[in-house]
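So, here come the structures, one by one.
Next, two complexes with chain A in common: one pairs it with chain B, the other with chain C.
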Partner chain A sequence: MITLYPLKEFKHPIIAESINPEFFQGKSIQEIGSLKIWEGNKERKLRELFKIEEDKADNPTITIHGNIGKVRKIGKKMEKGEITIYGNVGMHLGEEMKGGKITVHGNADSWVGSMMKGGTIEIHGDAGDYLGAPYRGSNEGMHGGKIIVHGNVRSEAGAHMRKGIIKIYGNASQFAGFRMRGGTIYIQKDAEERVGACMSDGKIVICGFLKSVLPTFTIEGIKKKVKIEEDEKAVGPFYLFRGDLTEKGEGKLYVSKEKNPHLSYYEKFL
Partner chain B sequence: MPVVKAVTCPVCGSLCDDIELTVENNNIVKVKNGCAMCESKFLGYNSEHRVLRPLIRKNGKLIETSFEEAIRNAAKILTEANYPILYGWSSTSCEAIRVGLELAEEVGGVIDNTAVVCHGPSLLSVQEVGIPSCTLGQIRHRADLIIYWGSNPWSAHPRHIERYTTYAEGRFEKSAWKGYLNKIKALLAKKKIESSIRRLFLKKKPTVHESISKEPPETLSRKGRKFIVVDVRKTKTAEMADYFIQVEPNKDYELLQALRALVRDEEIDVDKVAGVPIECLEEVVDVMVNCSFGALFFGLGLTMSKGKLRNIDTALSLIKDLNMRTKFVLMPMRGHFNVTGANTVFTWQTGYPYAVDFSLGYPRYNPGETTVVDILLRRESDAALVIASDPVANFPTKTVEHLVKNPLIVIDPHMNVTSHMADVVIPSAFVGIEAEGTAYRMDHVPLPLKKIVEPPNGIHSDEEILRRILAEVRKIKNKNEEEA
Partner chain C sequence: MEILIKNGIVYDPINGINGEKMDIAVKNGKIVEKVNESTALHIDASEMIVMPGGVDIHSHIAGGKVNSGRLLRPEDHFKDYEPKTSITRSGVGYSIPSTFTTGYRYAKMGYTTVMEPAMPPLEAKHTHEEFNDIPIIDKAAYPLIGDWWFVLEYLREGKIEECARYVAWMIISTKGYAIKIVNPGGLETWGFGRNVASLDDQVPHFCITPREILRGLCKVNKLLNLPHTIHVHTNNLGIPGNYITALDTMKCIEDLADEGKPAIHITHCQFSAFKGDDWRTFRSGAEEIAHYVNAHTHLTMDMGQVIFTDTTTMTADGPFQFNLYQLTGNKWTNHDVETETCSGIVPFRYRRKSFVHAVQWSIGLELALLIKNPWKIFMTTDHPNGGPFTAYPKIIAWLMSTKAREATMKKINRKARNRSLLPSIDRELSFYEIAIVTRAGQAKALGLSNKGHLGIGADADIAIYNINPETSDPSKDYRTIRKAFEQATYTIKGGKIVVKNGEIVKQVKGVTMWLDIHTSEPVKISEDMKRRFKEYWTVEYENYPVTEHYLENSYPIKVKASV
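Take a look at the complex of A and B:
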């Protein structure tokens, strides 16, 4: 097990693709310290920016203590092992991750689990924009895996999502599930407007308040329960909307009936 | 007196190229064909705000220095920086932008143009959805439906309507100018009648404009060019339009999605979207579907209101849907005269239109991460070069705080607010007046910018200044390598 401590408060962006359990495994502490890392436009060695400590236990685990909000791309393309961060972390955490687990005991910046294919990311604080969404211009969103956020998330969580599950135990900002094509997004508290905009398939469940549903969604019925995962169900009742009519229109949007009395207007269409 | 004809106006994205200038003793004395903004630039560029000597900051004060000294200082700042930003570019020539990109690569910095605070969201959406567009000439000759969404060309691009759209005399579509004059006369007569009625019945309260749009007028079903404006308030352009749709602020996305659903013959459960009744939208969609060539122009009202890039995303999707039934194009109303050129040069040099990060030695692009405003907000940069722009005057306060805390180089003909906060100020010649170059019109048509008069003594073009900084940077880097 390797433990990293940042040596200073970073000012410039740090691109740290090399902080990955697979790269660390089987290497001596000297070799790990020589791994390359970028600070602004200067190439550095890992030991120049982090204090590295080794625990004899031979499991592929990395623990980072300290605020590393400027450190980006930790765990990129990671396939196995575990990363635990005690502090805030920067953008692109677990980008294109295929397996393993990342846990953050703090807040994460934007693009957490971008284009993720497998594995689990758990954030105990808040997450930024574009949770699980692809890079600019791409429509290949999350293909699998699981993201759990215990705090709030900003806009466009799960954009272009195809498979997998995103669970948000706080509030979500606008455009959650934008152009979603599959998978599940569960929001335990409130969601801002424009949820599921242009979604063509998949499932979004909102247990809190939603100010308005897009005009391109149509009501289908009222459901008592919704399945979230294999052995987990959300208890309703929920209004079930189908949309987005401007796309294929097979997406399902479940909105809590109890928390949204203003949506009772739609009941006359049932 | 010599008259220079076919001059391209370096003010807005319309880039009118029919300006005639009268020149006397290396001075422009008369402007013909230009709008108020054009005239103001050509006649007033040589104002008291002009800087004629390079300045550097010593002991907290800006003092005059030599050109060479200023270049050396600028090169030193950029070479020593770990994460410099190079911002501006939209009001200079494509040739200067090209050198700027080379400089950004050499110093490993982030280069960004003003699209970041205007049509950046449009570019992001275009990359996701694609853009059906054409040149303004085609719209002038063929378009029979013009829609302006969230833009006020009467004030921001004054000759746009007259040269390229509704009031232009096209080969296949006639100008709607006469109709407009009749409308103005009728409106004036109506106002007179109303005021006389008010005088007769003094107690009657003046009528207040309804916030909700009225039914579309019958004129919308007539033949010939039609003109629709969608905006949050009744602008001058909206007054001229055949039909004005007043959208609730920050509800453009919902309105566009509703239009998309109607174009696709889907039913909508609600009666009103963004304050506009569905019946009105149905009539508008009828007009859109039945036109033979429609053009949608959009401005910052759409790109910078809530939803940003997703507003444009849905506008582009609407055009995509409309093209299944008729011919429709879309065009952003670009502000600065060469912001399209900046995006074009950035793209053919690096692959990306703005916010290009060279810090890892190769171009990277991720707006939100590599955009100048976000970098400044996160306090990550440690030096800046600003060219042909004034970010201190128009960026958010928190970003400005960080911008001025670090070494700042400004290349600008005028002493603007950013220059006052700078460490090195290098005055430059006005491109399109004192220096030649190339600029791109909003429809991606490159037009030449002319040199009309000689610049003042010792003043160089942006391109020349950047080349000198680049050469100096390379010299310092070579020296450092030798020492190492």
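Take a look at the complex of A and C:
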């Protein structure tokens, strides 16, 4: 097990693709310390930016203590192992991740689990924009895996999502599930407007307040419960909407009936 | 600086040199008979291939539409970036590389001259600004003239000479190199939300047909004595059954050609060689086209080979791009360039397992292999429409080796594999023929007398590849061939070594070639034309032409017109 401590408060963005359990495995402290890492436009060695400590246990685990809000792309393309971060972390955490687990005891910046294909990311604080969303311009969103956020997330969570699950135990900002094509987004508290804009398939469940549903969604019924995961159900009742009709969408949008009395006028269309 | 390339195995098809061991001497940027051996820089090219620098007749590398493509596709760049070095600047790929990267990547493959084939006249300044930034390679652009209102009107009235003078004015004003015709008539018709379906459909409000435009501009081309022929992107491009349109296009100017001289260049012919009634019955029409081309001398063409990759399609053919958007549902742009042309962009991924894409892949290679004379068909991908130009070494391997073709065949869609003609073709191109389809033939078709060969007086644009044709068998070692063509051992541009072992070692500026056409009487810009500029263009007449000082390295080629 390797533990990293940042040696200073970073001023420039750090691109740390090399902080990945697979790269660390089977390497001595010396070798790990020589892994390359970018600080701004300068190439550095890992040991120049982090204090590295080794634990005897030979499991592919990395623990990072400290505030690393400027450090990006941690766990890029990781396939196995575990990364635990005690502190805030920067953008693109677990980009294109295929397996393993990342846990953050703090907040994460934007693009957590961008384009991920498998594995689990758990954030105990808040997450930024574009949770699980692809790089700008791309439509290859999340292809699998699981993201759990215990705090709030900002806009466009799960954009272009195709498979997998995103669970948000706090609030979500605008455009959750934008252009979603599959998978599940569960929001335990409130969501801002334009949820599911341009979605063509998949499922979004909102247990809290939603000011309005896009006019391109049509009400289909009222459901008592919704399946979130294997042996996990959200208890409603929920209004079930279908959309987004501008994209001939078949997506399902569940909105809590109890928390949204202002949506009751939809019931006359049933 | 003097350079002496010693003992290289030289392929120089224009001068008929086929794999001879000889020395090449370079002085002041030109190939010379001999140099002072004691002072010249020696390059030991023994057991290596020496060819003229590559020439690309059709590659979208600069201009408004290319730049819109870059903006439209940030996801195309972020996985393919190049940090700066002490010599080169940073940049990004992949399918639409940034200006600097375009120059570097071409040079690394041994290419030294590249033609931008679709410059909307209105966006000529933008194109030339990008040209100024593309290092190393020489370049030129073909203005899109086929659907320009003035051309349509003069041709309708049968005023060929008048039309020729306006075309000359346009080529000089945009600093262009050849007449580019895209979907003749179709682009203007697209302004009304429709398209033309055959050579004899009328263009709304202009009472002219694509056939008349093609024939008219072919005559104009002849009157102006332009070095290249008309450069034609056919009607109905990308629609099943369009090989008939392609054949009609070639036939319609048969009688206008001088004996043995080409009068038309059909570009990215793969996209015009589709047979079948719809996408389900889609088949290759390469055999029919090859049959026609083998029997005629009045045309040249290029492949427009498809590569299985993620790329960006961009053409001036607005209606085609719109259809492509409807087919894919991808993001798209479409643009109407005032009185001149239009354009569109759609990102596209060619998949091995897709029936249509796999057939397209097969069509390109079938064309190149079934057309017997390599001086008639050249290697392109219609960058970036069929795939990025960086895939050229792959195509060279496919052309040189049935084994390489079989290896790819195994991975493609089964239905496409069963219908492909490729298994029945055992032709393998030699290095000599590769030199024709990648440089000599293209230079000849373009009328570039100083390019594409290594004769005395030619520009010292030379590529050296680390392959020994005496010991290596391209048919078996296709991987080695591909690697060698990916990274030239040396690229010499204008007598300067710019690439060594696949790395840029020196940055030089290439020139921008354009035609300085001299007509017997200069075109009179009538009050009527100025009025129209005011009414229909967003740019005033006075601001319209690209002046020569706009070009950092201007290289005018004087042409004396017969009008």
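Annotations
One rule holds in what follows: the second predicted complex is superposed on the first by the 270 of 270 C-alpha atoms of A that agree within 3 Å, B and C clash if a C-alpha of one lies under 4 Å from a C-alpha of the other, contacts with A are read in each partner's own complex, and residues count from 1 in each chain.
The definition used in the following text is that a contact is a pair of C-beta atoms (placed from the backbone, for glycine too) under 8 Å apart; a residue touches a chain by one contact, two chains touch by 3 or more.
Owing to the predicted nature of the structure, the values given are computational and were not obtained by experimental measurement.
Model built by superposing both complexes on chain A: chain B and chain C clash. Once chain A of one complex is fitted onto chain A of the other, the partner contacts of A:136 extend to both chain B and chain C. Annotation for chain A, partner touching more residues between chain B and chain C: B. Touch criterion not met for A:263: it reaches neither chain B nor chain C. Contacts of A:121 after superposition: neither chain B nor chain C is touched. By the touch criterion stated above, A:194 is placed in contact with chain B alone, chain C being left untouched.
In the superposed pair of complexes, A:218 makes contact with chain B only, with no contact to chain C. Among the candidate segments 127-135, 235-243 or 397-405, the part of chain B whose C-alpha atoms clash with chain C in the superposed model is 127-135.
The interface of chain A with chain B overlaps its interface with chain C at residues 135-137, 139.
Here chain A touches chain C in the complex through residues 134-140, going by the rule given at the top.
The part of chain C that touches chain A in the complex is made up of residues 72-76, 78, 330-331. Against chain A, the residues of chain B that register as touching in their complex are 81-83, 107-109, 124, 127-128, 253-254, 257-258, 260-261, 264, 266-270, 273, 306-307, 310, 313-314, 317, 321, 358-361, 365-369, 378-380, 382.
In the complex of the two chains, the chain A residues touching chain B come out as 11-13, 15, 38-42, 70, 72, 91, 110-111, 129-130, 135-137, 139, 174-175, 178, 194, 197-198, 212, 214-219, 244-246, 266, 269.
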